[in-house]
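These notes open a run of structures that come right after.
One chain, subunit A, appears in both complexes that follow, with subunit B as partner in the first and subunit C in the second.
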Partner chain A sequence: MSEDYFLEPDGDHEFLEGNRGLSQDQRAELGLGALVFVVVALLVAMLVFVLHEAWPSFAHNGLGWFAGGGSLDQQIEAIFNSGELKTAPVYTFHAWPLIWSTILITVGAVVIAFVTSLFVAVFIVEFAPGWLRRILEPVVRLLASVPSVIYGLAGVLVIVPLIGNHLITQSEKAAVTPTIQLSGASLLAAVLILTVMIAPIMIAVFADGLQAVPRGWLEGSLALGINEWRTFWKVAVRTARPVLIAGTVLATARALGEAIMVSMVSGGVPFTPNPVDGLIFFFEPSQPLAATIIRNSAEGLSSPPMKHTLYAIAAVLLFSSAMLSVIGWAAKQPMRRYGVTP
Partner chain B sequence: MIPLLALPATAGAQTLFGSGSSAEQPIMNVLFKAYNKLHKNIRFNYLPDGGNAGVTDVQAGRRLFSINTRPPLPSDAGTTYFKLWLDGLCIAVNPSNTVSNLTIAQTKNIFTGVATNWGQGFGSNLTTTIDPFGRNSTAGLYTFFQQAVLGGATQSSNVQQEGSDGLVATAVSKDPNGIGYVGIAHAGKGSGVKTVDVNGVPCNQANIKSENYPLFRYAWGVLPTSNPSKAVEKFFDWIRTSKQAGQIINRGGAVAAFNKK
Partner chain C sequence: MSAVTGTRVRRPDRATASWRWSDRLGLGLAWLLGLLFCAIAAAIVVYFLLEGIRYLRPSLLVTNPAAASSESQTGGFLDPLLGTLIIGTMSMAIAVPVGVGIAVWLSEFGRPTALARVAESAIEMMAGEPSVVLALFGLSLFGLGALGFLSQTTNGVVLGQSFFAAAALLSLVGLPLVVASTREGLQAIPSHVREASYAVGKTKIATTRRVLLPAARPSVITGTMLGLGRVISDTAIVLLLLGGTLTFQAANSTPLLGLLRGTGDTLTGYIYYNAPTGDGNQPSKAYAAAFVLMLFVLALNLGVDFVVSRSRKAITWK
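Right after this comes the complex of A and B.
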């Protein structure tokens, strides 16, 4: 090869002779750059498209979109039928029951999963014997990749009937009918199953983070006579905080967007569960945002006002995910100095 | 020129574009395949954009035919409807429930939250709270149920909404106090539920075909009134009259109508 293989292309004739003028690195750079550009362009196009499709619903309702009021079932029916029967489009939509359900189910599952995952990860990294660790790690990774519809089926066939037929009493059912039905498809079922779904992600990320803590730091603490448990808690877990945040953000994003499983076990009614109701609160049905899209996209998309409403829900979910990333990033900033990075 | 085009055998390969009901798409797809085996030169392209959107497509000339699950309305001017086959909506309860018959009015009371206990004169062995299950507001089966049973009212908030007929049947089969409405395809053997008579008539294929069972509806084929495609007319005739198409329809969970006008 001549040495001009390494030279920069200096004119059109280089290109006419083929790619001989571009080095392999340059070609890779251009190719990957173009790929990144396409990915970013697609993301921007998607955002613009979703917001554009969602606009009629937001424009009509204003901030009332996020508030409560009236029967959401009747609102969805009116929106859907106005498009199907080609009458004047109806957009009135008050999404608070869906938003509240999303908050309850996501926060409930993330809090429970965070605590349990942290303990499990600490156990796997520091206290489990080697043979057990070699079994636990692949099991956790497998659990993290189980499709959500499998969890949904387990919920519908096992968890929901279990709650409905054994935990809820006849007097509790009779007390709330006909406002709602306590069938077992409930906040409790959704939170429990969602916890099982997102915990493996958290455990996997947490364990990686804890393993990345420099051994010297831990040994230094042990050498000062501090016991293993305290050392791990005060040094390892503290150092791994940025990773804990990253794992939590990842798991929260999954919980927020989970649609199939939640739509199968949460009850499918746009009801606003009320903590004041006492124990029954946990048995109350609800329907989060993502499940509402899944439920109504089969036939709903053929009705233009319903389509715009579903896109508005999608836009809120997109915005929430974006905010989640920003909050996660901001929370990690003060910990940068001593933390291990994910 | 025109008579030549009308002869499919000499016209070469032809694609028939249709649209409409998404609920009937599974059966349509099997019918398309079977018809294509008989007539190699005819292919189909079906867009499941909803029954009403399908009619608009035919009116605008964008599609040669559409499939709809509601009878013609005044807004469907310029189109002709053909009865292709029937579908029935069954009322299903848990097999442990001894209720055997419900009137339309009783069913309406249950699904609008007026009647909430099995002890309220339904002839059931239970005296527990009724657990009604149904479909979500944008499901085609719900629209049908709303018109045929609820008289246009919205189902009560204690009706737990499921994403598919199969999930309604599963929920009812797991809940001794459950009741739900499902298409006849989801109420047969192996579904784990028991169907009840409606106004004294059992929900089965024979009663739906004879129109004795009150909760039936037709799947309609829609063509433009002026200048309809001859090839589509032949296809509709095949659906309505051939034994093979009837078997496909019955196997798909619907009820063959056999040449009903």
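Right after this comes the complex of A and C.
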């Protein structure tokens, strides 16, 4: 409200209320400002807490933390036991399998969801018949708010058995048995369910952005004889590009931090899926970063070295999602310049 | 579907026969994926509806979970259901006043500008934080000796798990939605409404309390419901900070305080426990609980739709 600052009765009341120090407004401003400050301080405290707790793990491993090497299961066991048995703490931890799994699942789901959501959003905003649009809009919002644990439940009871019993052959299972078990809890299952989970978020944001494109721009293009699809694709979708990025960033943050659902359907084995394996690659189990915290939080936090390791994983997630929100913020700026606010 | 096939022309300007193949492909894809989305959405809704009705028994709602091997003895989910209600109420009791306060400050005061910028991005960041990270932060925060009175202490070690801890952290999950919605509502009020109030001699804070907030009430309610939806859907914070103990484990015998200082569970935690990957592994119970949880989410969604559509009719600023 900067444009009407001269009309604001800010601080002009002191003489009316007598000289009792701060005016009502100033007190309110200070109080609310303090509240805001506390919330910001809480976020800073979170950064400090998590980084402080994570430090031993990072300090011991250096950049090797992000690299691969050795069996992660054995490393986690050694870290955990060193704390439980009160021996010298062990911190050796090479998280690459977890990071690789996070990248594969997140990128896979975001790419599929992006393409699908874009077309679905265009369909809803422009091409769907009115009655279908009126049904779809609330349904999109409902699906976007379905708890992730319910998606996980559906995944583990429907998708995982489907993949395990019908898509993976017995010979494929036999071929890899000594190393891993192909039960159906796999990369494919995680990507599919994560896609279904984040697509409604994207569709909702995309549709809002596409609707905010000024109607006149589209009509101008139609008047030039450009057909409806081309008009919408080249004018509306292009104008809404910052919204597309913002929505994608929002959905990526959700996908990255999704722990519960992914821990249910991704297999829970810190294995590194290898694209060279061919088709089996999609059926290989893995375990992303967020799911690792959930899986090990029950006993893990009682053992100090394990606790530091879990906080290190959390720090990586914290940093990545902070970066994502910076990207999202930057992406929204051009749209504001046009005066189009999604 | 005439637009796709191009055989039956509904309106002259909808004929696609003259379109370039890439345009026709695009339109076809939009229809295909749009209808596929409808099918998937319908499948999800119908599936959970059917499974829920199949397994939900009234007795499940009034009995407590018990650890047993056979399905008939593991009881229902009374405590998780109450846990969801308690957690929802407590976290919104924190998130709504704080969120409205922040939204008012950001929209009406916002000085110094630097703090406003920082606060905006902080809240945006909070909305994007994975809830596992918030949960771990909560564990170390409420594990501090100074905050030990909010949870249980065994042998001098503060547990850090309680209804207080979980609700406090979950309020951070709901907070960004309350702030965003309230702020949007406040900014939709034209400035001449404020000026009219100043002109009759009201102070700024009186204007906010008596004029702006009542006018923005639908937005506050919308934000509250959206936040509540997120709060009751969260599982990670419940597992880590509420303990996920299925039944209420009160810290001591003090009526309400002992319960809130103790650990418990919510519907999401119960579903996680009873999924095939959990320790309980009773899918039928999980389906029933999921059905109840979905009813909550559906009710909140319908509530938002109702408030939004009514407020559109009620307030028109000229």
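Everything that follows uses one rule, which is that the second predicted complex is superposed on the first by the 297 of 342 C-alpha atoms of A that agree within 3 Å, B and C clash if a C-alpha of one lies under 4 Å from a C-alpha of the other, contacts with A are read in each partner's own complex, and residues count from 1 in each chain.
Definition applied: contacts are C-beta pairs under 8 Å (C-beta built on N, C-alpha and C of every residue); 3 or more make two chains touch, one makes a residue touch a chain.
Note that the structure is a prediction, hence the values are computed from the model and not measured.
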Superposition on subunit A - do subunit B and subunit C clash or fit: clash
Partner chain(s) touched by A:111 [first = subunit B, second = subunit C, both, neither]: neither
Which of subunit B and subunit C A:330 touches, first, second, both or neither: neither
Partner chain(s) touched by A:264 [first = subunit B, second = subunit C, both, neither]: both
Which superposed partner A:143 touches (first subunit B, second subunit C, both, neither): second
Touched partner set for A:29, first subunit B, second subunit C, both or neither: second
Touched subunit A residues, subunit B compared with subunit C: C
First, second, both or neither for A:77, with subunit B first and subunit C second: first
Contacts of A:250 with subunit B and subunit C, given as first, second, both or neither: second
Partner chain(s) touched by A:120 [first = subunit B, second = subunit C, both, neither]: second
Touching partner for A:299 - first (subunit B), second (subunit C), both, neither: first
Footprint overlap on subunit A, where subunit B in one structure and subunit C in the other make contact: 156-157, 263-264, 268, 294
Of subunit A, residues touching subunit B in the complex: 71, 73-74, 76-77, 80, 84-86, 156-157, 160-161, 164-165, 170, 173-174, 176-181, 183-185, 263-264, 267-269, 271, 285, 287, 294-296, 298-300, 302-303, 306
Residue ranges of subunit B in contact with subunit A within the complex: 22-23, 49-50, 52-53, 56, 75, 113-114, 116-117, 128-133, 136-140, 154-163, 167, 170-171, 174-176, 178
Touching residues (chain side subunit A, partner subunit C) in the complex: 1, 3-4, 7-10, 13, 23-25, 28-29, 32-33, 35-37, 39-40, 42-43, 45-46, 49-50, 53, 116, 119-120, 122-124, 127-128, 132, 136, 138-143, 145-150, 152-154, 156-158, 196, 199, 203, 227-230, 233, 250, 253, 256-260, 263-264, 268, 290, 293-294, 297, 301, 310-311, 314, 317-318, 321-322, 324-326, 328-329
Residues of subunit C that touch subunit A when the two form their complex: 3, 13-14, 16, 18-20, 23-24, 26-27, 29-31, 33-34, 36-38, 40-41, 44-45, 47-48, 98, 101-102, 104-109, 111, 115, 118-119, 121-137, 139-141, 172, 175, 191, 194-195, 198, 201-206, 208, 226, 229-230, 232-236, 239-240, 268, 271-272, 275-277, 283, 286-287, 290, 293-294, 297-298, 300-301, 304-305
